[in-house]
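Next come two complexes, and both contain chain A; in the first it sits with chain B, in the second with chain C.
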Partner chain A sequence: MATRTAVVGDKERRRPMERARQATLVRHLTVALVAGLVLYVVSNALSAFDNLQLATMAYSFTAVAGLTVLTGLNGQVSLGHGAFMCIGAYATAKLLGEGTDHLPLALVLLLAALITAVGGVLAGAAAARLRGPYLAGATLALAVGLPTIADRFPTFLGASNGLTVIPSTPPASLGATFPLERWQAWITCLGALIVYVLLANLMRSRYGRAFRAVRDDEVAAELAGLHVARVQVLAFVVSAACAGLGGGLFVVVTQLAAPGAFALTLSVALLAAVVLGGLGSLWGAALGSAAIVLIPQWSDDLSKSLSLSSNVQANLALAVYGALLIGVMLAAPRGLAGAFDWVHQQVRRASTRREEEEQA
Partner chain B sequence: MTRFIDLTLNGIANGAIYAAVALSLVLIWRATRILNFAQAGMLMITTFIAWSAIDHGASYWVGFALALLSGLVLGAVVERTVIRPVEGAPPLNAVIVTLGLLVLLQAIAGMIWGGNPHSFPPAFSIKGYNIADHTVLFSPADLFGVLVVAAVMVVLLLLFQRTSLGLRMRASAFEPEVARLLGVRVGHMFTIGWALASLAGSLAGVLVAPNVFVAPNAFDSVLVFGFTAAVLGGLESPPGAVVGGVVVGLALSYVSGYAGASVVTLGALAILVAVLMIRPSGLFAPAAARRV
Partner chain C sequence: MTRTTRLPAAVLAAAALAFGVAACGSDNGGGSSGGGGGASAPGITKTQVTVGGHFPLTGPAAPGYSEIPRAIDAYFQHVNAQGGINGRKLKMITRDDGYNPTNTVKVTKQLVLQDKVFAILGGLGTPTHTKVVDFLNASRVPDLFVSSGCLCWDEPDKHPWTFGWQTDYKVEGKILGQYIADHYKGKKVAYFLQNDDFGTDGAAGLDQYVPKASVVTRQTYEPGNTDIGPQMAKIKASGAEVIASFSIPAYTALVTLAGVKLDYHPQLVVSNVGADPTTLTGLLKAFSKGKAPASLIDGVRSAYYLPSGDDTSNPWIAQFKMIHDKYIPKLPWDGNVLYGEALAFTFAEALAQAGQNPTRQGIVDVLESGKVKGPGLVPFRYSKDSHAGFTGEAQSVIKDGKLVEEGKALQTDDGSGDITPTDFDPGQPPANMIPAGSD
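Here is the complex of A and B:
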């Protein structure tokens, strides 16, 4: 709305551009298209290992973006998003099966997201009655408890060894030498971009405003005619579906769904990405997901170059997550996105000051 | 029938440990309105300290005392360094900080002691008592645990109800501003509250260690059970935490005995959700309006 008032002055000149910018869907699609092109070029230039990293960032983003909507936009904290990734991963692994004659991958991933969304309805219905620390504790119990189900059904879910799937190979039209990692990066990036467009639109829609209203003041939201519990459950469902898709993409990349991958550490890493990104912006979620993929790698490199002991090496990334969570909350509660905003504001303030001085 | 009795006794023994964890969460919640997720990490560190001492040839009781002492110190240090800035901030900030601290402590423990689980000796024999030609699932070590937790509970109760320090702590928790106006050093009271809570947690760590082994993330599920117990007791009342601990211990013992040990954590989740759905403020909380 702010843009509309801003263009009143010279509307004749700017109208077509402004109208395009105002059309939320067009804008988000453009961003996604540009990002897709950039990712296409980048993935063609990257090595196999770096493409794998890119794929990891993409599936992390899918889950982190979902958690951003829930925690940043709707104010419900979840320490259990690793559990939703776990559901999505196992659903994907079961649907893909051990053979190659499975449903199309896109359909499998969609179904995995839907199955996780059903889990989100159950969790959300319980969560809508819980606040703050109670919710955090309940979702923590979910994160610790859910992966243990795999041990309960060893034949169906493969106990602690988990389920393996055959990697989805790139189509023959791309050539016989097309690297598998690049294909995986394409699939996951496409998934991440679709989630970006959907969530970016959702945040700007009636529902996004309802999410924010409930976060900021439940009583006021209720007085404004919103059904608070329903809005909270919806946020949980959307968020769980994203995490489920993230879990499905995880299986596409790793070809494995095993309980060890969905320990509490994963949920903490997802939350760290959201917090680091600055609670509530998708841009921040992307930065945060990049960070949680790069931090383990950098800390590995660092400990190797300093030739630290294997104990230190194995735990350095975890220590960095922990220190980051504490440090960001104490020093910059609005995260990386907030820090960029702050720098931006300072620069603008400095430039207006300079203009004023020049005029004077 | 003997199986049921066995499971009941086992449940009481575990319940005492969960009660101690719940107590440590409740004390902090009462004082600072923060749910301390780092408790699992704090009691893990103190248990590792005790393990190191015992591993280097010290007697069990030296390790035991070291664990409690380091718990006391660790609680105070944690409150002073990372918790003080988020007291009074939005609840989410405190949740994230304590979670970050949990991860940080687990990483530090992994760096120092490695990721392999270490066995921890019990205080007394873990061989069950022999009653009427049947070895029950209740050992001298279990009895020791129950008695120690009960003793700590009584001491805390006396401290809160009968001493000037306890009165000042309760005043600080109840109405920090007014307490400050009346000359209570509220900050000090919070620090002492955290130290005492951490002491209760470190006690739970030493007691549960023989069952779960000592490893950086071995105590995650103990935190979940303790949290369930604390919520069951209403998060507000220390006696509620103890009752909640025993109830959770019994319930999980039956779940483990009749449905399999792998679903115990989910059993805790089910209890938690059921309790919170019926009475969001816990079973033992006084009927009070929750501010929204």
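Here is the complex of A and C:
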């Protein structure tokens, strides 16, 4: 806090570059642009399969980032975000349809996010009345119940067989041999970066402060003039829209919306990513998403390399994944983002100490 | 402080992400480019041919079906012990999809893009494999011998790289339907169908022979939802005396147990997919905690395209059983193991005929030439115009827990063609069960 006051005090003497960095929007756009460039270079260097992994991370990030706003910033636990991804995925699949003549993909994804946001209003209105374990229970029911609706409407939603869509192919201007997976990585990463900019700004805005105020003390927030329930519903809507977009991007990557994709394990994995990355931190969400994609992959490869019987092999991957999650949480209780912050603080402390010594 | 750290922190995050992916990328790259020399196609080196498949090792379809990839692997081990095919050892990579279509998409992409397999072999399931057919054909990966009898594998114009293997469900429906029409004349028939192409194709075949008036009810089930009480109550209420069932083993067992509970004992006529006696006995024991007697499934009718695994006097069966006893003795000797070995044998036969430097196109050409005979009771339909597998089945019944085949094998098409007996003879198995090349 002390440093921040100093920064504001020094404002007059700062160079234009640094003043620009202070403008929230410019700063977040810069970050997104730099990250976008890095991702562009990386995706060009990656193999098809790794681009697919990158795309998986990106759509997971979209949902996880939304959840970290809800849980980390606003203090509402949701065990049901897989259900919102499910809504977004089915909306996307229905809007894209079976043919190739559909609305532009960007519009479809936007609509999917909006439709899911409507679902978020309903869930949020219920959630605003619930606290702690009751909220967890209600969202859990949503995660378990919602995907089974597909079974009730076999012709409209395709039952357990799901809905398939034709992949959105890269534009011809990129060349005939441009890999589909890289194109999918680009679409999903762009979606993830847009969500990053929007959420990062939201977190810094008065809405973000309202979210935090309600999380920290509802009574105090109400006394300060905030409409607690409305803030909570808003947080749910924002979070649901992000998950909906994540679901839409999921369909872009897998060309499939089926209830099996949105099992309870998905909702739990999303929450695991939030906690693993660090509650309320967007780049923690990025790290968490990377972790939930890469760790199962690595543990699967590890259990495969041990050449065990296939029954043990299929289950060992899950066990290794679980053990790793527990290990990380023990070593870094504030998540990966927290661990990085801690390292950063240590380095800073060491360097200020050195500076002080030099000055002395 | 937070302000000044945000930018580097975010860039760091992106870099960490990138590094994480790049690191695993380089691993894979090293693995696949390892055997550059002698490679005529991805997944083929001078010394090895790598294929892969998606199978349910966990989940509702795992009982029984999880043995198939292990049986494929056992046959491959047997081949490798004899020096391989054209000097190349065979390697099978199995990935678990839990019979969940979303996972099928994921693991199949992994097999093709990361493991860089030469071909997908025996990918299991209709709801699962339909989700990856387009991807495999777009990637020009041979998609051989899908473990499902959906008609949808036989679309050479749309899916030139996909081949079926087992008898398709419509042909099977016709053959079972004819039996019902001939032997249960005038009796009320209920259909119990899996709610996807498996059930739909089967019912289409049944409908060609079972008179419409005698079908009293058509019930469906969702794989994954094990509560079939409501459907069974409706079937009992309909007064059906015969149940024609296109179900996977777990649901055949559930039908049998529901019959016990409701004191309702109709004649069961089941697709071979869900009628393997050993698998059913095991499932009945597991579901009823050992209470259900094995005799419950005696009299269940089906039809089958391979020699019965219980007929050890058949030279093919004797050989396949020997491989089972040597490499996977802990697995029961059942229809799934026989299925996996027979399917692997067919692949070895096609690979041997594809010559010294097999290519992806080459193996497709070999299959379309119609020279691959396989170990079945009926021939394959493979040609330029058809990618359908076995073209018929012999009637069968479960007696004392064993599968007994009756009469000559029957063959037909998946249109409105007649059912005719066949004199097809696969001949004697090759020496050591290693198929010879075309030269």
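Simple rule for what comes next: the second predicted complex is superposed on the first by the 316 of 360 C-alpha atoms of A that agree within 3 Å, B and C clash if a C-alpha of one lies under 4 Å from a C-alpha of the other, contacts with A are read in each partner's own complex, and residues count from 1 in each chain.
Heads up, the rule we're going with is that a contact is a pair of C-beta atoms (placed from the backbone, for glycine too) under 8 Å apart; a residue touches a chain by one contact, two chains touch by 3 or more.
Not measured: the values here are computed from a predicted model.
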- Message: For A:332, using the defined touch cut-off, is the partner it touches chain B, chain C, both, or neither? Pick first, second, both or neither.
- Response: neither
- Message: Is A:46 touching anything from chain B or chain C once the two structures are fitted on A? First, second, both or neither.
- Response: second
- Have a look at where A:110 lands relative to chain B and chain C in the superposition and call it first, second, both or neither. neither
- Message: For A:138, using the defined touch cut-off, is the partner it touches chain B, chain C, both, or neither? Pick first, second, both or neither.
- Response: first
- Look at A:265 in the shared chain and tell me whether it touches chain B only, chain C only, both, or neither; answer first, second, both or neither. first
- Task: Look at A:34 in the shared chain and tell me whether it touches chain B only, chain C only, both, or neither; answer first, second, both or neither.
- Result: second
- Task: Return first, second, both or neither, reflecting whether A:229 touches chain B, chain C, both chains, or no partner chain.
- Result: neither
- Query: Looking at the overlay, what does A:151 touch: chain B (first), chain C (second), both, or neither?
  - Reply: both
- Could you tell me if A:315 is touching chain B, chain C, both of them or neither one (first, second, both, neither)? both
- Note on the structure: The shared contact residues of chain A with chain B and chain C are 151, 263, 311, 314-315
- Query: How about chain A: which of its residues touch chain C in the complex?
  - Reply: 3-4, 7, 21-22, 27, 30-31, 34-35, 38-39, 42, 45-50, 52-54, 57, 151, 154, 159-162, 164, 180-181, 254-256, 258, 260-261, 263, 282-283, 286-287, 290, 294, 297-298, 310-311, 313-315, 340, 344, 348
- What residues of chain A sit close enough to touch chain B in their complex? 71, 75, 77, 79, 126, 129-134, 136-138, 140-142, 144-146, 148-149, 151-152, 218-219, 263-265, 268, 271-272, 275, 279, 311-312, 314-316, 318-319, 321-326, 329-330, 333
- chain A contact footprint on chain B (complex, rising order): 29, 34-35, 37, 82, 85-86, 89, 91-97, 99-108, 110-115, 216-217, 220-221, 223-224, 227-228, 231, 260, 262-266, 268-269, 272-273, 276-277, 280, 290, 292
- Contact residues on chain C for chain A in the complex? 1-7, 9-18, 20-22, 24-25, 28-29, 57-58, 66, 69-70, 94, 96, 100-103, 105-106, 109-110, 113-114, 127, 130-131, 134-135, 138, 195-196, 222-225
